[in-house]
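There are structures below to look over.
Below, chain A partners chain B and then partners chain C, in two separate complexes.
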Partner chain A sequence: MLLFFFAIPVLFIFYYSLGYKPDIFHTIATDNLSLGRYSESFSETFRSVFTGTLQISLIGTTLCLLIGFPFAYWLAVRVPPKWRGVLLGLTIVPFWTNFLVRTLGWLILLQPNGPLSGSMQAIGLISNPLQVLDTRSAVQLGVVYNYLPLMIFPLFVALDRLDPALREASKDLGANRWRTFRQVTLPLAMPGVVAGLLLVFIPLTGDYITASVLGGAKGNMVGALVASQFNTAQNWALGSAMAVILIFMILGSVAIFGGLGLIARTLIRRARRVELVPEPA
Partner chain B sequence: MAEELEGVQILASRAAAQRITRRHFLAGSAVAMFSSSVLLAACGGGTETGGDTGPGATAGGKIEDQLNFFHWAEYDDPEVFKDFEKQFGTTTKIDIYASNEEAIAKLVAAQGTSGYDIVVPTGVFIPQMVQNNLLEELNLDLIPNFENIEEIYRDQPWDPGNKHSVCKDWGSTGWLIDRSKVKSEIKTWGDFGDVAMGEASGATSVLDTPGDLAAIYFWANGINWATTEEKYLDQAEDYVVNKLASHIKAYDSYPGIALTEGKYALSQAWNGDARQGLLQTKEPDRYEWGLGAPVTELWMDNWCIVTGAQHPNAAHAWINYILDPKVSLKDLAYHGYNTGIAGVQEEAKAAGFKFLDLVFFSDEQVKTMDPGAVNEAQQRLVDIWNKAKAASGA
Partner chain C sequence: MSTTAILRPRRDPVNGLLLLWGILVFVFLFLPILIIVIYSFNDGRALVVWDHFGFGSYHRAVINQTIRSAVWTSVRAALGASVIATVIGSLAGIALARRPGKWTIGFLALVFLVLVTPEVVDAISLLIWYVRIGGPFGPSNTLVNYGLVRLWVGHAIFASAVVTLIVRARLAGLDESLEEASGDLYASPAQTFRQITLPLMMPAVLAGALLAFSLSLDNTIISSFVSTPNASPWPVYIFSAVRAVLRPEIAAMSTLVLLLTLFALALTALVIRRTGASGEETAALLAGVESAPRSGVPSSAL
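Let's turn to the complex of A and B:
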């Protein structure tokens, strides 16, 4: 199954990325394989758009974590068990409707003469119509909204599995709340945090719908660049090469941040290592 | 009649390239998923029955009970389809595409087994479609209403003698200005650029197609926008990417309504879309439409029959039906573009349609319109467009 739905399409993209566009009417030819499309892909345009995209997805992922963690913690620890299912169910309500519809909902909400702008002006928060559409802020808002549940679920699962007895033990041993969180809860929830970060960061970096709907010219993400080669230029070879580069750049980013995380963990562990004093012989 | 038609103020998207409204985008995306599966199914079916039916040119006989469109989203009045179904006992089915390029890619891939009967390409794409054997020859004997089309909309440069195509409707490109925000006068594309980089900086939208973006420079400077010359393309790139791009708020092919909702101060727009904005706003006097000058676009979408069409008689019957003046007027009320049928302008006026100066153009205006061409510069235009977007987003 995995082979059919994942490996084969990706292999096709690799194969196509070595081809070329024969004429304006055909999208791909593979009779003469070369790496030419890759050098075309590595343009200044691609680099600058990728940098912008990375910025949006890093900020978006961080915001998702900052908002998602307290919520997941509250849901897993504070909320009575009988309400958990309902509340968790409510967080997936947005998934009942299409991704695009949800994003368009924000478009209507954020319009200069839309409901949000109107009510903010009515209560005197702002004096002019809200001009947040077609800005980076709108993009950040949109991506956090769209990807937040993907952060909450793995965090919830990780925190839910955490035995409350461990926190009690920590308290009994004299740790305050902050220390318990830092040294017991957080390390044990780490698998959930990592899963959440990956689940949000990877699709967010490839997403361009949210950005193009809410960000206008400021929402140009690298996914749109790839899509334009397939849809508008009808140059599948170049589009495939860009897609392959994007795959590796995302994997590379994940590897770099993962590496930094590991180093940080090692350092923290070293600092905290408890030296067991050997028994006097 | 007038009242009834005026009630329908949803003007269709029309399209020379990638043209999706917010609304249509939804429909299109949903349909796109289905259409690819339909396409696959059709490919399978087509190979089985491919040899049974003759090509469109030899058509003439019983009208089939099915007609499959490969069409732009919301481009005809649904009532017109219903009436046609009633009159001919033919079921119509529509699959959607969002750009000419997309439609052509699918037709090329299907190689005559797409299962579609009718496709509606923009004129400039037709020569290569014919070269690639994607279109059947029309049998004009089966389309007596062809006579209703005004002389000037027949026999176009992309299809001499209307062998493969018949005009569906046509339109042009200009700008829509919010006069409460922009005071400067805009007479030409040069002015448009200056105001976009001046008074309307950060509040200007341009059409989201590679061709129309670079064309702002070409039209302003008397360069043929079908140019493939490196020198001119370099100049256009310099202007669009290094000068104009940082002032652009959005790349939006349907800015009409958004502008009247306060999103933009100045927009490059197609006439039908600009009119849609004017129709829905409560204060149309606040906005000003200008047709592009000294040169601007002329696009014409055309009824064509797909190679290997399984229902050629029904396809001809449809084209003939839609060229009937009454039907044409009804359709025009929906999509808001000139259908080129003789007398439709007077009929529309008599029926009290609003903002007709955005639907019908004078002969002098038409003389300034240039259809352009689709050629090997396309990849370069896409590159310029992507560079401009990168510069705008930075």
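Let's turn to the complex of A and C:
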């Protein structure tokens, strides 16, 4: 079934991306295949959307990791086990709330005359009404919020599996807190970090719903371009070409960062003469 | 645990900072949801502008035919999609874990591709495909609402890949000798499956089904491409309202849906707890991060 409803349809996109839009009444023609749609996609206007999307998703993924890691660590290690189930349950509630609805929550919060703006003015944090909506910052905030749970869960699982005895052993061997974290906890949590990064980065790059709710015209993501080519402009060939570029943008980023990660790991391994850490599974 | 308490100084600034961070993240996570619940009592014309307190929006949401049918479509789509995804994903997971062969790598690559493909690509490819093959996915299908069939398949694709991995991880963490012992004790393969394999993999299947259900309820992008006017799910309704006009009815119905979801979640958690799982395991299960076999690979690790 995956083959029939996934592989073949996606191959069609590649095929359609080589086609063109014959006239205003038809969406696609493939009798004259060319790479013309790709050069169209790389024109000035569209290119800025591609780089903008990549920027938002890279910053967003990094922020998710920076916010999610201490939180997952706290939840998995420092919270008394008695409370852990309840708190983890609470973390799941936003995940189970419709993500469009959560985004609407931010839409209300960030209104220039909304609650956040009002309370920030009241305590003197800002003097003028909040002007965040329809900017890149709003989009950035929205995506970090929406994809944070996807970062927390795998991190939690990885840190939760980590035997506390390992950290104590490290302490007993004279390592200070920072060193224990760097050489025991972090390497062992690495599978969770990688899973979280992938789980956040991939859907975030393709997402355009959050951006179009909070960012207005400024929140133009590649996904929105593809969608508008299919829904409004009815130019399926151009839309398909953009979709193909999006796929390669994601695969390319994953490959580049995966490669960089591997190189970094090798370098660190080489720099340490004594391997203190057991191999992560 | 007692050793940890002795080793760790009582007043630890790092602990305090982490606690503060934890609370801040919780506030961050719950603030928008809280706002939606509060604004669902906004008795004005527009959702984002607070007028005065009242229950009018709930009344208007419940009597609104379009809203009701949108939510109903969502529920039906999610039920269908999670059944399809659970059956296909479980079978694929069993096959991967118990009968590996040459096809395994190719199949895993396909599953991986499904997981890394951005949703909007899935969406447009399905649209093209549905239009091309027609049949049960086109207007000629008079048996079932074809918009619903489109949603079932569309939502089930990604979910079945997720279920496959969860079930595979669970079975890989289980000892196959249990099944062999059952065979040695003269159980037929069907009996072994029913009495040994199925109960053991049940938590993973349940987690997968729940995840599939929630993914389908949440799905906006695929739905907005493939849905038809007479089977338009709830998120698509909200998304079109964002572009037109947002009324408090949306917040009201969202609050009701949220309450129902929480109720269903609590019920499921209770059922899982009955089977003897700890609170932590239960919560992990509901998040789709099936953590029961400690030796297994993280199931959500792609």
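Operating definition for what follows: the second predicted complex is superposed on the first by the 265 of 281 C-alpha atoms of A that agree within 3 Å, B and C clash if a C-alpha of one lies under 4 Å from a C-alpha of the other, contacts with A are read in each partner's own complex, and residues count from 1 in each chain.
The working rule: contacts are C-beta pairs under 8 Å (C-beta built on N, C-alpha and C of every residue); 3 or more make two chains touch, one makes a residue touch a chain.
Model, not experiment: these values are computed from the prediction.
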item	value
Contacts of A:84 with chain B and chain C, given as first, second, both or neither	second
Partner chain(s) touched by A:243 [first = chain B, second = chain C, both, neither]	second
First, second, both or neither for A:235, with chain B first and chain C second	first
Partner chain in contact with A:111 - chain B first, chain C second, else both or neither	both
Dominant contact partner of chain A by residue count, chain C or chain B	C
Chain B versus chain C as contact partner of A:101, first or second or both or neither	both
Set of chain A residues, in rising order, touched by both chain B and chain C	98, 100-101, 104, 107, 111, 113, 213, 231
Footprint of chain A on chain C - complex, ascending	1, 3-4, 7, 14-15, 18-19, 21-22, 25-26, 28-36, 39, 47-49, 88, 110-111, 113-122, 124-129, 132, 153, 157, 160-161, 214, 217-218, 220-221, 224-225, 234-235, 238-239, 242, 246, 250-251, 254, 257-258, 261-262, 265, 269, 278-284, 286-289, 291, 294, 297-302
Complex contacts: residues of chain A adjacent to chain C	1-3, 5-10, 12-13, 16, 67, 70-71, 73-75, 78-79, 81, 84-109, 111, 113-115, 145, 148-149, 153-154, 156-158, 160-161, 164, 168, 171, 177, 191-192, 194-195, 198-199, 202-203, 205-209, 212-213, 223, 226-227, 230-231, 236, 239-240, 243, 246-247, 250-251, 254, 281
Sites on chain B touched by chain A in the complex	17-18, 22, 25-26, 29-30, 98-99, 101-102, 104-105, 108, 128, 131-132, 205, 209-210, 245, 248-252, 261-263, 374-376, 378-379, 382-383, 385-387, 389-390, 392-394
List of chain A residues in touch with chain B within their complex	21, 24-27, 45, 48-49, 52, 98, 100-101, 104, 107, 111-113, 129, 133-134, 213, 215-220, 224-225, 228-229, 231-235
